[in-house]
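The chains carry the letters A, B, C and D, assigned in the order they are written, with residues numbered from 1 in each.
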Amino acid sequence: MDTRPLLLNADIGESFGAWQMGNDKALMPLIDCANVATGFHASDPVTMQRTVALAIKHDVLIGAHPSYPDKEGFGRRSMACSCEEITAMVIYQVGALKAFCRAQGGILGYVKPHGALYNDMMQHQHVFEAVLRGVAAIDASLPLVVLALPNLEQHEADAAALNITLWPEAYADRAYTPEGFLMSRRQKGAVLSDRKQILEQARMIATQRQVRANDRSFIELPAVTLCVHGDNAESVATAADIRAMLNEMESSL
Amino acid sequence: MDTRPLLLNADIGESFGAWQMGNDKALMPLIDCANVATGFHASDPVTMQRTVALAIKHDVLIGAHPSYPDKEGFGRRSMACSCEEITAMVIYQVGALKAFCRAQGGILGYVKPHGALYNDMMQHQHVFEAVLRGVAAIDASLPLVVLALPNLEQHEADAAALNITLWPEAYADRAYTPEGFLMSRRQKGAVLSDRKQILEQARMIATQRQVRANDRSFIELPAVTLCVHGDNAESVATAADIRAMLNEMESSL
Amino acid sequence: MDTRPLLLNADIGESFGAWQMGNDKALMPLIDCANVATGFHASDPVTMQRTVALAIKHDVLIGAHPSYPDKEGFGRRSMACSCEEITAMVIYQVGALKAFCRAQGGILGYVKPHGALYNDMMQHQHVFEAVLRGVAAIDASLPLVVLALPNLEQHEADAAALNITLWPEAYADRAYTPEGFLMSRRQKGAVLSDRKQILEQARMIATQRQVRANDRSFIELPAVTLCVHGDNAESVATAADIRAMLNEMESSL
Amino acid sequence: MDTRPLLLNADIGESFGAWQMGNDKALMPLIDCANVATGFHASDPVTMQRTVALAIKHDVLIGAHPSYPDKEGFGRRSMACSCEEITAMVIYQVGALKAFCRAQGGILGYVKPHGALYNDMMQHQHVFEAVLRGVAAIDASLPLVVLALPNLEQHEADAAALNITLWPEAYADRAYTPEGFLMSRRQKGAVLSDRKQILEQARMIATQRQVRANDRSFIELPAVTLCVHGDNAESVATAADIRAMLNEMESSL
């Protein structure tokens, strides 16, 4: 089992123009990795500039969070894009964010696709390969965050062919099917809201790289990183609890 | 007087999705520098990817052509953006294009703002400084194309303060005022259409760094580069004539 | 069999800002019905204003051509929109076009969804119903153009429930499967390019409401309207031939 | 002096996709007139649909709030649009909103341009005339909200030429110059934050159609309507106070 400390990641910088979203200032000090929106589902150049500055200030690893081009749908609507389009949109967005990082003396650390692009990449190999080609075109040393599944062999093989490292991620606040997938948000009980239960799931992922599925069976998840949310005061407080727990675990090693 | 050969530049890669514009395949072999649209006034990630490939194939220097965010207005409508917005939009767009260049083994060579951003930069010092800060944030070694004016002292001083080199550009097909500005397109006679006259103006710029203003007086322009257009078959043919003339001049040196 | 004259429809007004598309001036005099782009896949307010003026001048029936919100993909990429989103986007776009019609003393005559929205509507009943609700919200007396299939019973029933009339349309330049669907554009031979063959297919649709499928079998299509294209000089010439043929048929009645 | 009751108006429906803005549910019961965003600076078709439903539920008069096409800048950045573009963007947006009103059995009641378009219209006669032409094209019986100035003679004359009624509006929470203009937001003290002071200014406008300028002089403003804001809990509370004050005044008549 993986005994390395689990990295906390969160979606950051998702305001857009006059519209605010999330609570970046409260969340940034709690996380290891910031998935920074790159202007296609959220954000704009000024917001990206400021978000990168905030991440650097808190010494948080900056990741690019590219999306389908759909602000109105917040990148959550699957779009039938061609592989060429997907590769090019990844290059465009990651390149733009990288420029803000370099301009401020920061470093771009990884890539995590957003929303529907993330889901499509996990379900369709041609989408996954198109994303990989985009990452490789920028810099194959950038890890790509994927959903931690019990079996990631095919994904690992595809990534290895382009010398890309995968960072499987697990979720503390989502229910899992016995096959290791996230329950669809459309189903009842898909999103955990009980703070104790979320903390317990986070602890199991951190210590055993396991979660308990919705049928009470145990699933092995090779997670390198854990995704938390900061949409509201409640979720920020939960993220703080998870951060404290991880810190305690690390200091007790 | 400057006896270096004059670089030919043209706006390239201004198609968008299903819409075609210009004749890049015909124009690219004729020019030294391609001002590649970066997605805000024209182009999209796939078009940028293909345009960079075409430029590399023809060994043409690639320049970023950032714009105000206004596809509907093709970047030609002045927008009251803040300095912070202008700097950030330059970083975003130039960074995105740079990623396509690097992905294909090419090099980003310079920056030339587009349309209303270009005009506003020449008229308002705070806009010019905001653009300069954007270029410096990416890479101060990237030259910035500006309108060649008889007096560019202030612009040169501002650029020098950030270690940026300016590339003044002249126009072969635009009428000049006695002060060295381009006549407004809204005035009759602002755009030259007679091929012989355009060639004569190009020759005078190339050999003497001068143009004849609309009052027949001579104006000194410290041009490093000459802008040509490829909107239609006629303008491509004229560009080919100018290319041939410059080649002849260089070979006779 | 339907002996009413077949209405010729074409996609019109698909320019956008500085980008031109199609040849509206040549096509408009040839058609009965103009599917006018409404700003989501193509066009902009000024283009819509001018396109409506051109249609009125030529006494062509104006139809709204709403789309998914995707200019970059020209409305050809399926998007996973909710039913509420689809109904609302239809109301928005049709309402905007209707305003231009009324402003110029014209009348909005029908609705034909564009591209991926059209395809999705024909394949998924919930999308079709969402479109119908949008049309009904504007004005249930507006006919809705659908793909003419041998069996449209379910579509007819859904439309009738909202008092909406369907206008099935056939294609002169597309190959048909034995089931009466259009061959996918990804397959070879899906788009007919031989002018004689296109004219023959148009004649069979006009006189017999039939086409010959790609296995040489005959299919009955209850078409009320025939779609033609005006992308280039060749297709405009073919449209002119079809127009002449239909005129001749009508005068010989 | 005008003794008619003053109409309270507020900007409503300015959420966009996943981004929330304002507190429409709290504000709607307090106002007479809702300036409903029409998709260019804020909102989207679904948000418009829901906003119109909310306004109808509260029996609030629905006004269209058209803007320059600039979501990133929230319509606050002046854009150098042509008169033709301005007229057409007004028709497009007002037409779209009108369709949502009609679909739900509501009525579109007036037009109030947003942000930079509003400011430009008050400062440049050609912009004002372009807006008027857009309103007249939709329906000249729709009143147009303008800034109440001591002298609106030219604006009134321009509007009368197209049979359009103007609704001058005043602000309870903005400081005025002695000439009757709003102090620029860039100047200190431009926006009033003291609730008592705001209420006092509202009372003076309501009872005397006057405000006190920043030099303590009195200015006559022919206001028909008073603009309030609902950006946060504080401003909603102030709006409630103003509503109560106006109700009291009306009941005491």
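The criterion applied here is as follows: a contact is a pair of C-beta atoms (placed from the backbone, for glycine too) under 8 Å apart; a residue touches a chain by one contact, two chains touch by 3 or more.
Predicted model, so just to flag it, every value in this text is computed and none were measured.
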item	value
Chains in simultaneous contact with chain C and chain D	A, B
Contact-richer chain pair (by C-beta pairs counted) among A-C and A-B	A-B
Intercentroid distance (Cα basis), chain C paired with chain A, Å	42
Between chain B and chain A, distance of the C-alpha-averaged centres to the nearest whole Å	40
Where chain A touches two or more other chains, by residue	44, 72-73, 85
Chain B-facing residues of chain C, complex	15-21, 42, 44, 71-74, 76
Residues on chain D engaged by chain C in the complex (per definition of touch)	39, 44-46, 48-49, 84-85, 87-89, 91-100, 102-104, 137-138
Sites on chain C touched by chain A in the complex	69-70, 72-73, 77-81, 85, 116
